[in-house]
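Next up: some structures, all given as structure tokens.
Look at the two complexes coming up: chain A is in both, with chain B in one and chain C in the other.
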Partner chain A sequence: MKQAGSNTIFSLKNRLFRLKRDSNRWSIITLVVVFLIALPVISIAVKLFDGPGETWSHIVAHLLFQYVYNSFYLLVVCSVLVLLFGVTTSWLVSRFEFPFRKQLEWLLILPLAIPSYIVAYAYAGIFDYGGTLELIQRFMGLQFTRIDIMNRFGLAFVLSISLFPYVYVSSRAFFLNQANNLLEASRVLGVKEWNSFFKLILPLARPAIIAGLILVLMEVLNDYGAATYFGVSTFTTGIFRSWFSLEEPETAIYLSALLVLLVFALILFEKWQRRHIQFTNSKSGNKRIYRKKISKKMQLLILVMVSFPVLFGFLLPLAQLLYWGFLTYSAVFEYQFLLLSLQTFGIAFITATFTVIFATLLIFSAKWNKIGVIKNLSRLGVLGYAIPGAVVAIGVMIPTIFIDKWLIGTMHSIFSYTSGFLIHGTLIALVYAYVIRFLAVAYNPIESTTLKVSNTIPDASKTLGVGNFKTFFKIEFPLIKTGILSAFILVFIDVLKELPLTLILKPFHINTLAVKAFEYASDERVMEAAIPSLFIIFTATIPVIFLNRLLAKN
Partner chain B sequence: MVRIESLSKSFDKGKTFALKDVSFSLKEGDVYAIVGESGSGKTTLIRLIAGLETPDSGFIELNGIQVSSIKKMVSPEKRNIGLVFQEYALFPHLSLLDNILYGISKLKNKKDRAQEVLELVGLAEMKDRYPHQLSGGQQQRVALARALAPKPSLLILDEPFSNLDSMLRSQLRNEVFDIIKKTGVTAIFVTHDTQDALSVADEILILQGGKLVQKDQAANLYTKPTSVYVASLFGNTIQLSKELQSVFECPLKTDCCHAIRNENIAINDECEYVTHATVLKKTFLGNDTQLLIKLDNGEHLTVITKHNNITERITIGFNSKDVLEFRE
Partner chain C sequence: MLKYFLISCSALFLFACKNDSKKEASKELNVYTHRHYESDQQLFNFFEEKTGIKVNVINASADELIQKMTLEGANSPADVLITVDAGRLYRAKENDLLQPITSILLNEIIPSHLKDKENYWFGVTKRARIIVYAKERVTPEELSTYEDLATEKWNKRLIVRSSGNIYNQSLMASILVNHDEGFAKKWSAGIVKNMARSPKGNDRDQVKAIFAGEGDITIINTYYLGNMLDSDDSEEVKAATGVGVFFPNQESTGAHINVSGAGVAKYAPNKENAIRFIEFLVSKDAQKIFALSNHEYSVNKNVPMSETLKSWGEFKEDTLNLSLLGENNKNAVILLDETGWK
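Up next is the complex of A and B:
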């Protein structure tokens, strides 16, 4: 037998034979799913060739600088504030023992339950003329000194105080599980607490911290509700203005493309900053961090420091909303409102179901497909979360309108029946856009539970004569149930909170709680926004606590 | 019943090969051991046979039918191969009985068959327990029963005893292979432990660096290894360099390599080739004594002996029939 050299084994002909052998329906399904998810970005890219709209030159000359400046201002100031709130709190709760530490540890996550535009409404209400601050000052017999927060810095503060938990969560995970060995080593070497934190722990925690920070920055770029309420022009508000006020889709598309470039630059930066990091899975070596006992005075100081973000990110806005809610519930809370809530939960339920199905399909079809390139391509599916909601919405609108026009045309020519839009402006387009945007939210928990199941388990099933599909339902599904449930809950919450995408794509006769709150706020009836806002917050808080329990149990 | 022809597999597009140009065939009803260090390609080989990996070249035939080649893949679920995984891979959410029923759900008398294999492995009274309630040895036997239940035409065991401590190991090894012999199924088992292979396999395949270096019966591997590597798997050997050959005054062929097993070096002057040496160090090993000796040309050797009254000056030697010859 002649030795088959590496050259002949990897000749083009043999590669093609193997490609044909290895391609199966799962390869195709993976490609289709990835294509459907990438479609909005592809559409925007294609539409760029149509050229910009008439007002584009006007925008470039007069507004673009402002969009760029404000967006960068927000990115920079939010980074500083979010790192300040997130990293200090996570280090203090991980490293020191003090009263109410346990409660504060999860209270620090709760600001995530309040969408940042709702925090913005609450803050406006506190600091406005005739607002809560003025009432309190007058009540105490003080001179009213108004603090104006309806500006760039105010917006940056509001976004930071409501988004810092992303950094808190990611850095706390590192501090709890990885920092102990480092601390012990540095203590043996006689390094002071302060020094070992800045010279050792912080540099090593950097990838985890920045991963959280990037999530915050994406949310900052995604924000529409808070920026527009505070009157700060950003890329996202610019997209809305060109779409709705100027009615120039071409311009909105050009702005979207710029925003996507900015987001991709952030992602590349994140990848670059952890290029040298190897994830070591040291399960046995690392003990949980040992908490230091400190003096009563220090305990009090830390308690105050850690309570600050909870107070300003959660309790204060919540109190303001409860106050407003108390004033307005009789006017807002009526039959129509119940209907609206049901509608919102219905949409969230449908979306969460589809998103979980698509995420699971993507994970498993990529696994069952045997072509390496397609497997790698499937990772692109999670990029939807990076793309701001407004951009996803516009990206979804382009192909759906295109398909609708074609459908209407064909129906007209065949049945001489003129229909309205079939996809555009319907629930289908809205749910499709949600699925794209939130696929990563579902993908990550499902993938991580799937990775916990050893590959030999499905392999064993296959050697026992059971195919991929049946193996999934009989073996894998029962083993990854918790991941799927967490994914469902997370998407459900995100849909409740979502604003910009919903504003653009929601069907005419359908509303969500988030949109209702936004509409009240835009109509100068911000007090009435409290009830829908509180509904969102409570439905988002309950699952957060439930999820914490669920994950703690595993 | 299994025929493999120039099988290759690379996981990095040809930069390195996990398996390179491997060919052999296996007879029905025999028990084969695949021996090799970690990274020798043994797990890749059985995964290829089971259909869990796709080959880059070559083909696999089962019962005369091609199941894997560059153009064709019969999926693992259609191969009727039983596989016992190293970590057992029992379904954690299913009871012992359900684990076994899993592969035979289409069988008419599946309950009877499950009972049968459970009795075969001696776990019938535990059938309602879950995997986590069983000991390692019991899980091992469940995995075996589960793989045997669908009456596979070929049974593969991947490092079946590596997760067990050494006391349990030899006991379970005999139990498992008694069961396998009873069923008469053709079996392949993978191991890095030569003792496992020697004690139960009809034939042993030795893999090194992704290549099949020798396939033979245990006795032949011991007496006629084709490489130093194979020889070293069955005990320590001493390479007979040109210098050593002249010290022992044994003229050997010059186009070959030669070696002698440590245990074939005797301490007396009745051998064909002898020389004198000084004992530097004695290490008591229980049954034997290990000696570090210095030959008169200054070379150090380690030999094992059963003698216990060793003088400082000794005569050592070996016979020509024990000289191993390799073409390398």
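Up next is the complex of A and C:
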């Protein structure tokens, strides 16, 4: 008994000693960053202890099955479609030479630039009664055959076609950087291209593809606008139904927690599936990209295949928006839109900068600190993306208003001056919320490029007495620049489109294009929403072309 | 590098802290609104011109705004809360977010069933939820009441949007109040049985589907049809002119109406301005922009209707006190869920 007791004390002592030995300032920085990011999530999680509201049993009895069923349907169908669109296109553009390849390369990213609920409206506008399709058929003297897309499959299609670029971007980065060496090796060994794609490239690209897919699925689960318009009840529509219609925010939070668990389960399942596989990345090699020359017929076939997602994800909705913009131009357009574009651009720029800094800090401080628990903790940071924006907004308001009230009280007692809120209702709170929401978007591309950097050079630098920080800027930063820039631009585009967080947390004098588009759309003036949507697309196109150049260069 | 980062951080902090919503209390007004209509901005500018009071606006859904005001508590900068239905104003009052105000002008202009009994909130524009029918397949003589829509006669002929929409919830609440729970449940079940398609789209989409023949009748708010008639899309105008308007329950309770309303926040830093603003909203000049340009009915009987509304004629409205809709909203939603109205 005594023995055991002293043993425990010994092991505790040992542990404390190790903790003291291993802790450095990076452990503290990681903890601070993780705490800042987790604070809103914790604020919401604490509310879970209150339990769901009294309508919970009502929801379980009448609605939950529908929510689970539809959400799973969307997860499965969207996964299939997104992998089909994303992986094929990225493989084809990085392996083969064909006409318009260079243009298609960046056009394939652009579907991301249109908010998915606007894509949903545009699609409804095309296939609706009196819609564009009917007008065209009438013009050609055909009988109108209506295709109803406002259903579950239609929703899955619309979401997939507007979100597949996440997979395209992440898998293309892998194909461009890694695939050449591997293919060359397998060709030397006499393996056919087709075989080596399925047996070698695809399994190796899996982490990159999955990283993109998880972002897509989180966004699919999160969608509210398109799902309500198409009349499909999902978890997220359920969250808002219990909050807005059943008047129980606590039940809404409970449902969000279930949603987060679902996403967590997905991530764990994927990790478990590949538990025996080790991924190592060749760090150098043939940088010149070798593209296969193929026959004219094949070129045409590939061109058609690659154009398909561009056509349906970008050009078609864009055409519909341009048509609506043309109809409503005189009534809607104001010069203020230019100012608004600048303002939105500014906010997106600031947010993307901070998100990237936080993500990098999280990844590297975890790398530089030596305590295992803290390393794992850093992964928790990405969960914000799984929670609906409106719920994140509550999570941000709880701590910021709490701190504000304390600040106001202290200032009042010291200077007897009563001020307004200092954090809540300002740009700080809004950017803070964005960072939490979009950290996952930045985390993945940065992490995957960081994995490729071998530790030998930075280690050598540190052995020579150069600090972590300096080593990072001199050596690691140039090596992971592509990842950081991809992350920056993805976050940038996401901020341009973001809606629920912005609506709740935006300061009085600040507006974004997405808010403007929403004001029209929510008033059932869908056509009038086209002009601000076109401005969003325009503002997003510039960084997308820039991103593509950088990716192609490296 | 680190130095520059810290400098830019602190600069941003200072810039972001410039939250001047409370500085000059007398010359500002902070509005939390659920109304996103184009004409509203015009109206705020008009108020600014007239009084010199600067209007700051936050747009979001009423429930989000209520949540925001609750968390902000006594420090909330909100002066006025505007919603698009009476139910949400009732909820704000119940959550202790509004304060009663005394205004002879408001009491004079606004009919008693369109405002809170204790003057916590006031309806500022009015809309009716009506039946719209395909002229080719339905005659107005066949139509009578909301209650009738649930009968066998309309089997697979009715289309309507989701019950997630507040206007359907309010209608259900009015049925619940005008009858009882048993009747309301049966009514909702009858409506679900009569649906020609699963609920989807918005009110405008229902009109287009009726015109195209997917169903024969639908239930929508008046101003959506009015706005369709003004649309830049000729197909929408064609659909809107091709359907008929019917005000139900004219022999009994009257057509179901709802208001877009406003209340003064409990901790309003600019209370005087807030009262002045609501009084301004119901004034004749403001109502012309506020109500007429969006084809809503004015709460001020001295303001004439828009030409479109005039062409639909006068009608008898349900004079049920609108607070009751808010009180019964949750029960209505539960019944809608139980009967499978998606």
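What to note about this one:
By our rule, the second predicted complex is superposed on the first by the 323 of 554 C-alpha atoms of A that agree within 3 Å, B and C clash if a C-alpha of one lies under 4 Å from a C-alpha of the other, contacts with A are read in each partner's own complex, and residues count from 1 in each chain.
Heads up, the rule we're going with is that a residue touches a chain if its C-beta (ideal position, glycine included) is under 8 Å from a C-beta of that chain, and two chains touch if they have at least 3 such contacts.
All figures in this text were calculated on a predicted structure; none of them were measured in a lab.
Looking at the shared chain after the overlay, A:Ile9 reaches chain B, while chain C stays out of its contact range. In the superposition on chain A, A:His424 makes contact with chain C only, while chain B stays out of contact range. Of the two partner chains placed by superposition, only chain C is touched by A:Ala390; chain B is not. Once the two complexes are overlaid on the shared chain, A:Thr328 sits against chain C while remaining clear of chain B.
By the touch criterion defined above, A:Ala460 lies against chain B but remains apart from chain C after alignment on the C-alpha atoms of chain A.
When the two complexes are overlaid, the chain among chain B and chain C that reaches more residues of chain A is C.
Within the complex formed with chain A, the chain C residues making contact are 1-2, 5, 12-13, 15-19, 21-22, 30, 36-38, 56-61, 63-64, 67-68, 71-73, 75, 77, 91, 162, 164, 166, 169, 198-205, 208-209, 211-212, 214, 224, 227, 231-233, 235-236, 238-239, 329-330, 333-334, 337-338, 340, 342.
Partner chain A is touched in their complex by these residues of chain B: 5-6, 8, 10, 13-14, 17, 21, 23, 50-52, 54, 56-58, 70-73, 75-83, 85-87, 89-93, 102-103, 146-147, 150. Note for the complex: chain A touches chain B at residues 1, 3-4, 6, 8-10, 14, 17-18, 20-22, 370, 454, 456-457, 459-467, 474-475, 478-479.
Chain A meets chain C in the complex at residues 55, 58, 62-63, 124, 128-131, 134-135, 146, 150-151, 228-231, 233, 237, 240-241, 243-247, 249, 324, 327-328, 331, 350, 357, 390, 393-394, 397-398, 401, 404-405, 408, 419-422, 424-428, 431, 469, 473, 500, 503-504, 506-509, 515, 518-520, 522-525, 527-528.
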